[in-house]
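Before anything else, here is the set of structures, which you'll find just below.
Look for chain A in each of the two complexes below; its partner is chain B in the first and chain C in the second.
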Partner chain A sequence: MKQFAERMGTLGLIACGIILVVVLGALLAPIIAPYDPTIGSVTQRYQGMSAEHWFGTDQAGRDIFSRLVWGARSSLTGPLIVVVITAIFGTTIALTAVWFGGFVDSALSRVLDLLFAFPNLLLAMLAIAVFGPSLTTAALALAVAYIPYSARVVRSMAMRERNLPYIRSPELQGIPGAVITVRHLLPNVAPLIVTGATINFGFAMIELAALSFLGLGVQPPEADWGLMVSNGQQSLLNGYPAESVLAGLSIVITVAAVGYVGERLGGRAAAGRKA
Partner chain B sequence: MKKQAIAIGSILAIALTGCAAGTSSDTSSSIDTDDLLTTTPAATGELDLVTWNLPFGEPASIDPIKSFNYPENTVVANLCEGLMQLQPDFSIEPGLAEKVDTPDDLTYIYTIRQGVEFWDGAEMTADDVVFSLGRHADANEGSYWAGGLISNIASIEKTDDWEVTVTLTEPDATFNSYMVTPAGTIVQQAHREAAGDSYGNPTGQVMCTGPYSVGEWDQGQSISLIKNENYWNTAKQAKTTQVDINFIVDSASIATALDTGAIDGSYDVPLGALPTLENSEAGTLYLGNSLQLVAIIGTGNGAFADPAVRQALMMATDRDAIAATVFEGTATASRSLVPNNGWAYGDSEFTAGRDDLAETAIDIEGAKKVLESATVDITQPISIVYPSERTYYADIISEIANGAREIGLTVEPEGVPSAQFGAFFSDPAAREGHDAFVTYNYMDVPDPLSFLRAIVGSDGSQNYSEYSNPEIDSLLSEAAAATDESERALLVNQVQEAAMEDLPWIPIVDPAVRLFMADGVTGAPASFVYLYYPWAADLGASGE
Partner chain C sequence: MLDITTLSLTIGPDRQILRDVSLSVAAGEAVGLVGESGSGKSMTLRSILQIEPTGSEVTGSITLDDVDVRALRGEELRRMRANDVSMIAQNPHAVLNPVLPVERYLIEGMHDAQGQPTRTARLRAGELLEQVGIDAVDRVLRSYPHQLSGGMLQRVVIAGAIAGKPRLMLADEPTTALDVTTQAEVMAILDECRHELGMAMLFVTHDLDLAAAVCDRIAVMKDGEIVEIGLPEQLRDNPQHPYTRTLMESRPAGITWTLEGDTTP
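Then we have the complex of A and B:
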C-alpha cells in the first residue's frame, strides 16, 4: 500500500480519491440522491442552489445534484463496457497474431488496419443509425472501434516477449500454445493492458458523452453527464449555467483523474519491467 | 504542486460562482390573448437588404404543390400567389382572382385578374390557372395537397377567356378559403413543362407572379429573394430590394445571430432563445395572433387508445404551467382543439362555443373519477414520442407525466431523431408500437371546420388513430354544406364539443407567433399568416 502511494504521488492519490468518490456515488446513487433524477416539474425550473436543491434545478425542474449522482452510473458504465470488451478482444487478437505469426498475423493486422480507417464516432453513429440510439449501442460500437488500438499496443509488447527464453523454453517442451499464452505471455503484458484500459476509459467517457450530447447515446429523461451538458446548453446561454457546467466539470475531472492514474500505472508497469 | 492546486481551486471557484448565478426561479405567466398583435408598425422607408432566418431549416422544394411545411411555405409565400390571399387579420381577400361567384354550393366561378405578369414578363392566363389547379390531381406531379379537398373536385374548366370554373362533387364551404394556400397557387404552365424533374429545386426553380423572385439559392446556407419590380399589385410593392433567408436551425446560434444583429429577423424564434431576445437591445420580440396548436396525438395503441384515459390525462396536466414556463409565457393553455381566435367568420358563435368548454385548470380528483370509466389496462405505461432534438417537448411530456403519476398512470417520453419522427405523420408503420406523439400543428386556413375535419373526420388527413364517430361525421358534412356562416359555426361548435369529449388529440397550449425584428426593420405581419401571405414585401425601414 505504501509502495502504491509512493508511486502514485500526491496528485495520483487525489485522482484515486476522485475516482473512488465517483464510483461510490454511482453505486450508492439510490441512497445518496435526494430526488428521482427523471422527475421534476416545470413549475420548479431553474431553482437556485439551496438546502433543498444543493445544485439547483434544471429547465424541467429536476434536481441537478440527483441527476449528477445518477448520471455517474451511465457515465461510468458506458466506458467500462468499452474497455472490458476492448481489452478482451484486443488482447485475444493480439496474442493470437503474435503466437501464430506469419499469415495469421498479417491477416489480423490488415483487419485491424481496416477498422483503423473508420473514425470512432463515425462507426458509432453508423451503428446507432442501424440499431437505434442507446447507451449499449454506442458503447458496443465504440468498443469495436477501440479494439485495433488495444490490439496494436498489446501486439507490439507481446511480439518482444514472444522470442524471450521464458516463452521459447516451454514451447520447445511441447506445452500447448494456448497454455503458454495464458500462463506466461498474458501475465507479462497485463500491466500494459490495464494501463491501456485506463487511458481508453477516459477517451471512451469523452466520446460517449459527445454521443449523448448529440442525442445518440443515453436518452432523456435518463441522467447522463453528456446528456446534461447538451440539455443545459440553452440554459447556459440564458443565465442558468449549473447543469451544463457541473456535468461538464464532472466529465473533465473524472477523465483527468482516470487519465492521471492510468499514466502513473503505465510508469509503474514500465518500472516493473525494467526491474 | 501548489500552482496545480491553486489552478484546480480557481476553476472550481469560477464554476461554482457561475452556477450560483442561476438562482432565480421562473415566475412568468401566460400571455393575455388580447395583447397578441396582428401586425408590427408599418415600414416608413425602403431597405436595400434584410437578412432573415428559417429556424426550421432549408426548404426541400419551392414548388408550391410540394410546399406543406414551415420552411417551404415561409419562402414560397413571397414568390407565388393564390387565387385568394390570407390577410394578417385572418380575413380572405381576392388575390390572382378578381372575384369568386358561387351560384350554388358546388360551383366556384373565379374571374381571373388581367394584366398580371409572371417574372419573365409573360401574362398570366386562365390556362395557367386551370393547369396549376389541375396539377394537384395529377399523380405524376406528386402534390402534397392531393387528397380530401382536391379529391372533392369534379372538374376545373376554363369557361371564358378570364374565367375558370371549379365544380365540386360534394358541398364544401371551406373550399374557397383553401385558395389562399398552395392548393390555389398559380404557376406558369410553360415554365413548369420546360423545367422537367428539376422544377422547384435550385436549378429549375419556379415561375410565379409574387412580389419577389428567386435570386441565388446557396444550398445548405441561404436563399435570396429579389424584388419583382413589375409586380402587378403596386399598392403592395416590396419595400426591400433583397431579402436573404438563412437556414440556421440551432437555437443558440439563432439567439446569438439575432441578438448581435447578424440576422435582422425571424419568425418562430426558438423557445430557448426567448430569454436572450426578450431583453435584447438589438431589436424587438413581437408576439402575434396564431393559428398554432401544440398537442398530443393518439395512435390508437395502448392505454392512450381509451378516451377516458386521454380525458383524465388532459385534466391532470398543468397546461397553464407549461404555457407559462416551457413557452416562457408566450402561449396560453388550450381550451379546445381549435386554436383561440382561429376563425374568420362566426366570431360570436365560436367565442360562445369555446366559453362552454371546460376550463384548463388542473383537476386531479375529476381526472381520477373519469379514469374509473377506463376499460383498458391502465397499469401499462403510455409512451409519447417526440423529436429528441427539440428538448422542450421532453419538458412538456415530463409535466404530463407528473399529472399522470398523480392519477395512477405512467407516461414515458420516447425521443427519436427528427428524421425518424417525420414518418409518424405519414407512415402508419412508424406509429406501430407507440401510443402517442407530439405535434406543433397549425390551421391551414382560419376555419375551425377544416381543422376539426382533418383531426376527427373518419377520413381526416390528420386522423392518425382511425378515430370514427358517425355523429361527428354527420355534423361535419352538414357544416360543410351550410352556406350561412352562423349556422355553420354552430354546427362546428357541436363537433368541437364532441371532439373535446373523445379527444383523439389532447390539446396542450396555443402558442403565439414569436417574431423578432432588428431595430430599423419593421412591417412584417405579426400574426400567423407568413405561410400564405407575402410577409417579406411588408418589410422596410422603421425610420428610427
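Then we have the complex of A and C:
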C-alpha cells in the first residue's frame, strides 16, 4: 500500500480518489441520487442551484445531480466493455502472431492494418447504422476498432521477448507452444496489457461520449454524460449552462484521472522491467 | 546414430558460416567439437535442433537414426526435442524463467514436454537432483533461479536434460560460464550421467584439454570447416593440421584435466 502510494505520487493519489468517487457514485447511484434521473416535471425546468436540486434542473425539469450520478454508470460500463474486449482479443491475436511468426504473423498484421485504415468513429457509426443505436452496439464497434492498437503494442513487446532465452529454451525442451505462451510469455507482457487498457479506457470514454452526443450511443431518456452534453445545448442557448458544462467536466476529469493513473502504472511497469 | 552430411549454412548472400561439415556420432559416443569463437561449432549444434538464426540457408542433411531431423515440423519437431535430443546451454541463468521456482522448470519439462503425469514428475524431480549430486534437494526445488549459483543451476539444467532419457545430449560450452572448480564438478556429473544412461553427446568447447578428458573423439573446427577428426591421443601426439598444432601449443602448459573434481597442476 505504501509502495503504491509512493509510485502514484500526490497527483496520482488524487486521481485514484477521483476514480474511486466516480466508481462509487455509479455503484451506489440508487442510494446517492435524490431523484429519478429520467422523470422530470415541466414546472421544475431550468432551475438554478438550490438545496433541493444541487446542480439545478434541465429543460425537462430533471435533477442534474441525479442524472450525473446515474450517468456515471453507462459512462463507465461502456469504456469498460471496450477495454476488456480489446485486451482479450488484442492480446490473443498478438501472441498468436508472435508465436507462429512467419506467414501467420504477416497475415494477422495485414488484417490489423486493414482495421487501422478505418477511423474509429466511422467504424462505430457503420456498425450502429447496421445494428441500430445502443450503448452495446457502440461499445462493441469501438472495441473492434481498438483491437489493432492493443494488438500492435502487445505484439511488439512480445516479439522482443520471443527471442529471449527463457522463451527459447522451453521450446528446445519440447514444451508445447501454447503452454510456453500462456505460462511464460503472457505474464511478462501483462503489465503492458494493463497499462494499455487504462489508456484505451480514456479514449473509449471520450469516443463513446461523442457517439452518445451524436445520438448514436446511449438513448434518451437514459442518463449518460455524452448525452447530457448534447441535451444541454438547448439550455446553454437559453442561458443555463450547468448541464452541458457539468457533464463535460465529469468526462474530462474522469478521463484525465484514468489517464494519469494509467501513465503511472505504465511507468511502474517500465521500471519493474528494468529492475 | 547422428549423421551430419555435408552441412553448409549461409546467412545472407555471402556469409558462409558452415562449409561441408560432415560428422557422425555413434550411440553412446561422446564427440567433441573444438574451435575458436566463430568457427561454427555452436551453429552446427543449433542446426540439429533447427534453431539457426532466421534467414539462414542450410544445405546438407542431418539424420538421427535415419530420421531427417531438418525435415521435422510442428508436433514431430517438438517430440524430437522433448524425447530424443536435449541441449545444455552456456548460461543456466538465461535458461530458467526467473519468476518460477526450480521445481516448476523440472516438472514442466517432464509433464508438458514428455507427457508424464504431474505427480510422477514431482517425485522424479527430486530423484533427478540427487542424481546430479545435489544434497539439499527440497531447498533447491523451492529456490528461484537467482538464489542459486551458476554451478548449482547448471546441475538443475542437466537434471532437466536427462529427465527424458534422451539418446543424444548437445552440450554448448556447458561449463564456460562457471568458475574452474565448479567446472570440473559439473563436467564430472555430466560425464557420469552420460555413462549411466548410455547417451551420446556432442560437446562444444574451445578447451581442447577438457574435450580430450571427456570425449571419445574430437573434431577440430576452423572457419566453418572441420579440419581434423581423431582420437584425443592422436590429436595430442600427432596433430595433422597446422591449426590443431597451434591449438595444442597455445594451451596453458602442464595443466591436465581429470574428472575427480579438481585440476591437478
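Just so we're on the same page, the second predicted complex is superposed on the first by the 275 of 275 C-alpha atoms of A that agree within 3 Å, B and C clash if a C-alpha of one lies under 4 Å from a C-alpha of the other, contacts with A are read in each partner's own complex, and residues count from 1 in each chain.
The working rule: contacts are C-beta pairs under 8 Å (C-beta built on N, C-alpha and C of every residue); 3 or more make two chains touch, one makes a residue touch a chain.
Computed from a predicted model, the values in this text were never measured in an experiment.
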Contacts of A:G174 with chain B and chain C, given as first, second, both or neither: second
Dominant contact partner of chain A by residue count, chain C or chain B: B
Touched partner set for A:V42, first chain B, second chain C, both or neither: first
Touched partner set for A:P187, first chain B, second chain C, both or neither: second
Partner chain(s) touched by A:L246 [first = chain B, second = chain C, both, neither]: first
First (chain B), second (chain C), both or neither touched by A:Y166: second
Which superposed partner A:G215 touches (first chain B, second chain C, both, neither): first
Touched partner set for A:L20, first chain B, second chain C, both or neither: neither
Chain B and chain C footprints on chain A, overlapping residues: none
Chain B partner contacts - residues on chain A that touch it in the complex: 10-11, 39-49, 55-56, 59-62, 133, 215, 219-221, 231, 233-235, 237-242, 245-246, 249
Complex interface listing, chain C residues touching chain A: 49, 51, 78-83, 86-87, 89, 91, 94-99, 108-109, 112-114, 160, 164
Chain A contact footprint on chain B (complex, rising order): 1, 4, 11-12, 15, 18-26, 251-252, 255-256, 272-273, 275-276, 318, 321-322, 325-326, 388-389, 391, 394-395, 398-399, 401-402, 405, 413-415, 417
Residues of chain A defined as touching chain C within the complex: 164-166, 168-176, 179, 183-184, 187
